[in-house]
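The same subunit A turns up in both complexes below, where it pairs with subunit B and then with subunit C.
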Partner chain A sequence: MNLTQRDWLFTVTGGLLVCLVLLPLVAMLFDLLRLGLPVLGWEFLLTAPSNAGRSGGIAPLLISTGWILLVCLSVAVPVGLGCAVFLNEWLLPESRLSRGIGLSLDVLSGVPSIIFGLFGYQVFAITLGLGFSILSGGLALACMVLPFIVRTSQQSLAAVPAGYRQAAQALSLSQTGMLWRVVLPTASPGIAAGVVLATGRALGETAVLIFTAGYVLRQPDSVLDSGRALAVHIYDLATNVTGGTSHGAATALVLLALILIATTSVRSGAGLWSRYMLEEKR
Partner chain B sequence: MRDQVLRLITGLAALVAGLLLLLILAELVRASWPALTGLPVKAWLFSGHWAPGDGQFGLGAMLASSLAVSVLALAIAAPAGILIGAWLHLSAPAWIAVPLRALQGVMAGIPSVVYGFWGLITLVPLVNQWAPPGAVLITAVLVLALMILPLSVLVTDAALHQVPARSLQAARALALSRWGTFRQVMWPTVRGSIASGVVLQFGRALGETLAVLMVAGNVIRWPGSLTEPVRTITANIALEMGYASGLHSQVLFLSGLILLLLVMACMLLVRGGLRG
Partner chain C sequence: MSLTSPSTFSASAEVLPAHDQVVQSRAPVVSIDQVSVFYGDQCAIQRASLTVQPGQLMALVGPSGCGKTSLLHSINRLTDSVAGCRVTGETRVGELAVNAPATSLRELRTRIGMVFQQPNPFPLSVADNIRFPLKEHGLRNKQALNQRVEQNLRAVGLWDEVKDRLQQSALSLSGGQQQRLCLARALAMEPEVLLLDEPCSALDPVATETIEQLIRSLKGHYTVLMVTHNLAQARRIADAVTVCWVDEGCGCVVETGSREAIFVNSSNPVTRAYCSGEKG
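On to the complex of A and B.
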């Protein structure tokens, strides 16, 4: 086999392989649309499920999912960002403490979601007495997404040009002032990208939530109520409810759409904030 | 003054984040301690007999199933991902490569429960035609491979970006073919990153719960054939944690601990050994 033949083989094999991989993806989209579209509509989004989810909509699940996400992000973002700021602004990157925390976070980012489910169940639901609740679920999810938020925040803080910091120091801004006025606004698009990554993962997460936020289909009255997330609903409809397939597919379409919307909206929002903070009073 | 407060608060956040892993490990050890000390190792690690009602807690068959499913999924996804990553770099025109890269990112973001759902409604009936009941080991392997593949492509793609432009220019000057450039010039440079990517994906596969739970059939047995249903260690936790109590629940925590230690070993291997 000469050179050009081998090259040709490589190109063709690669191309065929790509088609082979795209095939299930297209099939997945086709199947979800085929089964889900007839059910999908405003009615589906705005009504409560009935008959274990075989009919009706997903309104209370959207609310539960929103609450869980809110709890998750309102814990994970401050802690994660705080950790990133501490690592970046006060510790030398090669110090033992910094490397230790870094290693711990790297390993944490690979821990399977079911482990966070076990941990959340044991600590939040049982030891802290929160039971199967949105609070337990959100906290367990926060543990899971924490390393992503720290890592991406840290990268964006480190990417702020050194000149900005030097200029702030020349103006004798305090460390707090420099962080708030210069470093964080500049780094915010990157930080937001990390939050987006976290949101996407948290929205689709199921194993963490089964034994922390629970299964209850009713609309939650407070964060101490159990609430079923969209992803858990898909799982339940697929495995425990015969005849729930079309509603499961419709829920999956909603979930995928939410992940896509979250990804685009948060990013543009952060861009606005960054521009506002940096250009406001010049 | 304000700086001191900020330093204290962020330091506290860093402490929480840094200690979380140890806290999880400690909590799993604590919750599984009675099983760990009360049961002989032989009874839970090597036995495949799982009958919590009769006091039989053999995790062996499920551990073996987890390993089998993960290794097989990786055996499909890793080579395919590396080849596609290389193809994207060397052969694909920009109008294919750019959207395809974005698509891999989207695929990596699809929740595992959606992969599992699709596997259940489409793949299981398909496999059922030649290997009833359809929800068998090979189905789980295929779904898992599909989930891991985009990660494999993205890791390979990112690694190939690291190859110095000078090496590529030299390869072109020597009139190496595309395949030759990949094999002789790029592969030696990116081997390490790709190997650590494969180990990371193995950890991910081992810990995957929902997608595997939904399509693997969940019958507890030693994995012997591609066309028989199996239950993985993760699926077992998800299926039984809801009603387990006493020793049963402690053994489930123990299985979580084993899983955590396996995944931690993968992560530490990547951090320590492979990256140099």
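On to the complex of A and C.
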């Protein structure tokens, strides 16, 4: 077998493998579209569900999901980023404390989500008295995605060229100045990628939310009110409601679209911020 | 818990002196006495001693891995932030004892400018590469900042090449231009001592020639310690030369002296072999 033949074989095998990976994805999407598209429309997005979700729309659930995600990210991103910055910029990388924290984060990110659900129920709903609420749910979700955000942020911070830091030290620049002006903007695409993955996991989570945010169908009055997230709704329609399949599929399509929107907006937001910080300051 | 002390990085509002105050008399003597640098158990350089007279240029030559960079980094204490790194011995920059506990890192590092082996401009605009460190050190006046940018870019012969692209990213410059920008950034802080770590190693002969001219023009104004692998370059521009070598897995200083003493009159066999190109 000569070289070009081998290259050709490689290309074909690679292509086939890619098709194999895409197949389930395409099949799933096709199924969802087939079942859900007839139901989907402005009315579905703008009306409340009725008959346990067999008819009507998902408007209150969209609002609950948005609030839960907002609570989750507005806690998890600053805390996670702060933790990553501390680990990476202030602790020496090979110190015992740094390695210990790293190890516990890895263990924590492997914990099944149901555990975070039970923990969130015990701590936020019962002990802190927040009850079944958007706040409990968002905070429990934040606990779940936190190790994830810390680890990905830490990796992107570590990937910032060492030469920048050495130059900064030799010039005796303040660590905070350097962080804002150079390190964070350089690392922000990687940090954004971590936040995007965390957003996807948070939007798709059910086990955590059933025990914390609850699953009432009505629109929440405040963050202290209970509310049902889209993923929980899909789960409920699939398991507890006969005849809810098409509405479930339509909800899944909305959820996919939402993940897509969140992903692109986080990414482009980070890109814009990075460019703004690095460009000429007058 | 091993924390690098954040207090040493805190900003103060000191304003740097004007450039025209850089006269020969400001350049201090740099003396290194019995300095050793260890990474864990491994020693990078042992009992190195040398003295650079005020305003002179000392070339530090020797084979790869003999601890030249380590020695240079011990002078402005960049070695502090390497985990497991230990420095013994006494280094003085003028009257300042580098390794004394009372010495402020900030004062030390504002007196010492450094250019690294690889060009490392910040990913900011060309002008901001010079303005950002000055702002960090408390210089706020826009006019003064812009004046410093022009003055130091002129000093490194970069002004005419980049004056129309000051707002562009410094990463879009060529390697040689980036290295000269790094030198301009160091000079803008108005140091008294310059540590240059093979500033030409990543550059082509033409860019090397430019930087060499530049370094020549710095003599007298700054005390310069320059690592180089290029013996011809050392012969052309150095006032004094230190030869390092690896002995039993550990770097050491073989000989230090004036250019003539090393290149012409040396009786040390290692120096003679190295300088004639037979070894190293």
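One rule holds in what follows: the second predicted complex is superposed on the first by the 245 of 282 C-alpha atoms of A that agree within 3 Å, B and C clash if a C-alpha of one lies under 4 Å from a C-alpha of the other, contacts with A are read in each partner's own complex, and residues count from 1 in each chain.
As a convention for this text, a residue touches a chain if its C-beta (ideal position, glycine included) is under 8 Å from a C-beta of that chain, and two chains touch if they have at least 3 such contacts.
Nothing here was measured: the structure is a model prediction, and the numbers come from that model.
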### Task
Check whether A:59 is in contact with subunit B, with subunit C, with both or with neither, and answer first, second, both or neither.
neither
### Task
Once the structures are superposed on A, label A:163 by its partner contacts, choosing first (subunit B), second (subunit C), both or neither.
second
### Query
Looking at the overlay, does A:182 come into contact with subunit B only (first), subunit C only (second), both, or neither?
second
### Message
With both structures fitted on chain A, tell me whether subunit B or subunit C touches more of subunit A's residues.
### Response
B
### Query
Should A:223 be classified as contacting the first partner (subunit B), the second (subunit C), both, or neither?
neither
### Message
Looking at A:174 after the superposition, I want to know if it touches subunit B, subunit C, both of them or none. Which is it: first, second, both, neither?
### Response
both
### Task
For A:90, decide between first (touching subunit B), second (touching subunit C), both and neither.
both
### Message
Taking the superposition on A as described, I'd like to know which of subunit B and subunit C A:33 touches: first, second, both or neither.
### Response
neither
### Task
Please indicate which partner A:200 is in contact with in the superposed arrangement: first for subunit B, second for subunit C, both, or neither.
first
### Query
Can you pull the subunit A residues that subunit B and subunit C both touch?
90, 174-176
### Message
For the complex, give me every residue of subunit C touching subunit A.
### Response
1-4, 6, 9-11, 76, 78, 81, 83-84, 105-106, 109-110, 112-114, 116, 118, 120-125, 127-128, 131-133, 136-137, 142, 166-167, 169, 182, 185-186, 189
### Task
Mind listing the subunit A positions that touch subunit C in their complex?
90-95, 97, 161, 163-164, 166-167, 169-177, 181-182, 185-186, 278-282
### Summary
Note: in the complex, subunit B contacts subunit A through residues 2-3, 6-7, 9-14, 16-22, 24, 27-28, 31, 80, 83-84, 86-87, 90-92, 96, 100, 103, 107, 109-118, 120-122, 146, 149, 177-180, 182, 200, 203-204, 206-210, 213-214, 234, 237-238, 241-242, 252-253, 256, 259-260, 263-264, 266-268, 271
### Query
Within the complex, which stretch of subunit A touches subunit B?
3-4, 6-7, 9-11, 13-15, 17-18, 21-22, 24-25, 27-28, 31-32, 35, 78-83, 85-87, 89-90, 100-101, 103-108, 110-119, 121-123, 143, 146-147, 150, 174-176, 179, 200, 203-207, 210-211, 231-232, 234-235, 238-239, 245, 248-249, 252, 255-256, 259, 263
